[in-house]
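Step one of this worksheet: look at the structure below.
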Amino acid sequence: MAQSHAHDDHAHGDHHEEGWFLKYFWSTDHKMIAKQYLLTGMALGVIGAYFAYVFRMQLAFPNKPVPGYGLVTGSDYNALVTNHGAIMIFWVAMPVLIAAFGNFLIPLMVGCDDMVFPRLNRLSYQIFLISAIVLVSSFFVEGGAFGGAWTAYPPLSAKAEYNLTPLGPTLWLAAVALEFVAFLLGGINFVTTAMNSRAPGMRALDLPMAVWMIVIASILFMCSVGPLIAGAVMLMFDQTIGTGFFDPDRGGDPVLWQHLFWFFGHPEVYVVLLPPLGFVAEIITTFSRKRLFAYKTVLYTTIGTGILSFFVWAHHQFIAGVDPRMSNVFSVTTVLISIPIAELCFVYIATLYAGSISFRVPMLWALAFIAEFLVGGVTGIFLGASGADIYFHDTYFVVAHFHYTFFPIAIIGTFAGVTYWYPKMFGRHMDETLGKIHFWVTIAGFNGIFIPLFILGAAGDHRRIFDYSNFPELASPELQAMRVFATVSLLVMLAVQPLFAWNFFRNMWKGKVAEANPWNANTLEWQCPSPPPHGNFNPMPEVYRGPYEYSQPGRADDFWPQNSPT
Amino acid sequence: MVKPLATLRSATGVPTGRLAVWWVIASEIVIFGGLLGSYLLHRLGHPEWATYASHTNTWAGAFNTLVLLTSSLSAVLGHKAAEAGDGKKAAKMLMFTCLGGLTFLVVKGFEWTYEIQHGYTITANGFWSFYYTAAGLHGLHVIAGCIIMLFVAADARKNKELQRVELIGIYWHFVDLVWIFLFPLLYIAK
Amino acid sequence: MSSNADPHGHEHTADHAGHHTDYVKIWGILVVLLVVSVTGPMLEIRIITLLTAFGIAVVKAFLVAKYFMHLDIEKTFVVKLLVVCLGLMMLFFAATAPDIMKHWGANWRNESAKNANIPEVHHEAGGEPAAAHGEAAPAHGEAAPAHGEAPAH
Amino acid sequence: MIESFILQASSYASQIDALIWLIVIITGVWFFAAEGIFFWLLWRFRARPGGAPARYIDDHEEHVLKYKWIEIPHRLILVCDVVLIIGAITVWSDIKLSMPATDETVRITAQQWAWTFQHVGPDGQMDTEDDIVSIDEMHIQVGKTYKFELMAKDVLHSFSVPVFRLKQDAIPGRVITGWFQPTITGEFDVQCAEICGIGHGIMPARLYVETPEAHAAWLANPTHYLAYKF
């Protein structure tokens, strides 16, 4: 029952034929809102990647005009680095991983027709779109964009006479605040739908891991963003009205902002980590035809990691002037949080045992996620141990560490999710060979960028310095050669991305038509037509078993959909 | 706009509307918690703020607390009426709650103009910055509550969506709770 | 998430209907507590001020949450969620206090906060005569409030 | 592990490098074990045409495997973490918490885009007539233990001397103290490690660790450097 994507005929309820605008821009259908988030996130991902290209060219070939940008001055460099970080975390990782896949998957995997509050869902996307526009507009205002790092530490971010960009910081802060509002509204939708609208017969432990992970991520976000919203109000007043919340001369304290920011900051990195872990769980079970190893262990370690993530935030501030005695406390909790995450990785690796692993493109991405994330997790111990962090803090070692965690999360996790659910989202298949070429070049390029950065960080390269020629020790030819190598690897990686774009957009119309369950998976989203019509299921599914009952002994085919009675 | 089937299901036993409002309350606790926590940190660190705080008008604060408590009473009576299915009484009670909110804002308006005229503006010093930010954010929530209440009362009068009376009631009680803590922190600790 | 999956839970669970606390009585108690919490601090005794102002605020909050918000008959995971959020705020307060509330520590001291700590003895920032404690006499003198900050470091 | 990339020029540099070595060994073992098993499983259980299908692991076998593959590594990691924590805290406490008897004090002030160093001068007393204040240059004597008082005038900065393994943020409104003891002579870089605006990349300073004679010579004729009352 292949349905061409262009025309949405469905049997569920009478639905007048919507106009072009209503269908694509004013839709309350969770699947359309998911695609809106996905495409907006990808568009901003292109902008973020462009910033990375420009400042990496400046680092490799200092003070030479960068093709496609021109000469990169000190303030340009700071603005590019600041907004590369902010865009990639707030406007690429969160919308794509939580909002796009959350919107698309939760109603389908839970077996209901839509999100609980469709109009609130549409409103949250619109507020997110406004926040993206406000952020991009901050580049065209007088004085340029905000250049005080994505952590926006006052007094630099609070006073225009220090950051020399009068309008940039306020616009940047307004964009971030709007983005928080969008994800608070979205989060409520995700959590309520997942908790309340489960299909009849679906117990909590029958939920696929992807739903659990997105729900726990939303809960972590909602419980941690509060103090930063209060902080953003205070910083906005400091910037505009001239109050002294973070001004040491007027009774304020800059360290308070650091605490408010990182109290949100660390749970935030787990907010973006959990959804890809959920996608990886779905993909490795499907392509190794194996039951997820120790479902309960995965769930309880995830909840444990979530709780522990509230106790570790000051490891970002070991040498930032917090009391050294507190640093010891946070060093203990930070090193201890490596235990649940290591356990999670071991459980995923153990799932592959006694499987029959087929290396399709989604599986390649999911396996690459595990392999690369292990590097990120392991190098985090160097920074969590307070003694070693004295040297490593704010060097390129830190940059390499968090790219080995963020890149698997935001890029590898997204490609895994997109290639796996593409047939369901668009009703057609992506090309396999193009996918593999894109995979191998991207992974090779990624490692080529960040392994040299580990070495540069160990050699003493500090962050956010646009020209190392002022530092004799760092201006040595060997270190400069490594910076050039990293930049060239970035160029190689960026060069292959249009291949993915071509594969992604062309196959929406020209790709091989996909059947309902191309990967023979068990979860509910594969039990309705691709792409699912408005109202998703007809009739509404009942659930009889867990999501991972693959290779049941004594059954003909090696998968057992959740909703099939026999 | 036909309601999706998802809204009618209640796997946790808590109706969807109320579950969503509890999540709103949870995220609001963390927002006000962050702001009041920062205020308390500074307040305990700077004993001299007590002298600045002596210029707040305790009587206005006390009267406002009384107003909000009374409006909480009418909100819960409205919820009781809605449960009994009496949409008209529920709407009347909600309008009374809204009136309480407006009185609160009017009293705050007079209070603030008096203080600003005497030079205690938001940029005067740390205490007044927190005073206007915290009370201002709370005031915004009172305004938002009143506006939503008007819509809910309009529907309730026609006996439609009666469960929303309870939902806006919970939100209003939370706004009252925040003021119950704001009052001693800003007005009494002298 | 408790998983009693009653398939089609009726939209408006009726568990509230049979519950008739006398709301006006609760309101009466709250008003009495308010009066006490306002008069208590007037005795100028610090411990009484703390006890009445903040102790009673907690009691009032408990009453509103229990009776008005019906948290006593709400599902337990909702109560747990709200308590966890409060706990997070206390955690944030406890871990941030050594840096913000205290102005010195191991190998550091907060000079600017320390200077500001010298309570202006009997004169308001801006030098108008001492506003007698508690009495709401409008402080005359120049309206422009001098910043209450420490001498520029 | 990092001494091959950068010199060890202060007394506690070797302590930090030893801690880094400890972390490299512990995390390296776990990392290569996990990746090794991971790639082995991929190769061993790859889907071959006509190969064995996937085997269903029932709850009992999963419980046994879980104990072997998850519980035991879980406990071992806990032991490794305890060792790491003890190492980290001892190094941290020696450097940041304790303040040994210091011979001299240096006052370092960071501002938007320059470092100001106030040396005690020949009389050894701070804030006396003969203090020597120099911009972007710090002159110290090898072997002496120095106490530094770090301040910032405007925004956050961070005093970082990679070869000393010394890094401490400077916060406006706060005075943060610490210590270091140079062990080899030479000219070294001082970097700002906290973003402080447009000039963050162009506020390097030079650190001159001199022999006692050279230091005395420098002290003798401070006219060469900016000497003015602070």
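Per-chain residue numbering starts at 1, and chain names A, B, C and D are given in the order in which the chains are listed.
The definition used in the following text is that contacts are C-beta pairs under 8 Å (C-beta built on N, C-alpha and C of every residue); 3 or more make two chains touch, one makes a residue touch a chain.
Remember, it's a predicted structure, so these values are computed and weren't measured experimentally.
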| item | value |
| --- | --- |
| Winner on C-beta contact pairs when A-D is weighed against B-C | A-D |
| Taking each chain's C-alpha mean as its centre, the one farthest from subunit C | D |
| Distance from the mean Cα position of subunit D to that of subunit A, given in whole angstrom | 30 |
| Rounded Å distance between subunit B and subunit C, as computed from the means of their C-alpha atoms | 14 |
| Computed distance of Cα centres, subunit D from subunit C, in Å | 41 |
| Inter-chain centre distance, subunit A versus subunit B - centres from mean C-alpha coordinates, in Å | 35 |
| Where subunit B touches two or more other chains, by residue | 7, 9-12, 14, 19, 23, 26, 29-30, 33-34, 37-38, 41-42, 46, 125-126 |
| Residues of subunit D engaged with two or more neighbouring chains | 96-97, 172-174, 176 |
| Where subunit A touches two or more other chains at once, by residue number | 195, 198, 202, 223-224, 226-227, 244, 248-251, 253, 255-256, 263, 321, 324-325 |
| Pairs of chains in contact (touch as defined earlier), listed by label | A-B, A-C, A-D, B-C, C-D |
| Residues of subunit C that touch subunit D when the two form their complex | 106-113, 153 |
| Complex contacts: residues of subunit C adjacent to subunit B | 1-13, 16-17, 23-24, 26-27, 30-31, 34, 37-38, 41, 49, 53-54, 57, 60-61, 64-65, 67-69, 74-75, 77-78, 81-82, 85-86, 88-89, 92-93, 96-97, 100-103, 113, 116-120, 124-126, 131, 133-134, 136, 138-139, 142-145, 147-149 |
| Subunit C-touching residues of subunit D, taken from the complex the two chains share | 96-97, 99, 151, 172-178 |
| Residues on subunit A engaged by subunit B in the complex (per definition of touch) | 13, 28, 107, 112-119, 184, 187-189, 191-193, 195-198, 202, 222-231, 233-234, 237, 241-245, 250-253, 256, 260, 263, 540 |
| Footprint of subunit C on subunit A - complex, ascending | 195, 198, 200-205, 223-224, 226-227, 244, 248-251, 253, 255-256, 259, 263, 310-311, 313-314, 321-326, 329-330 |
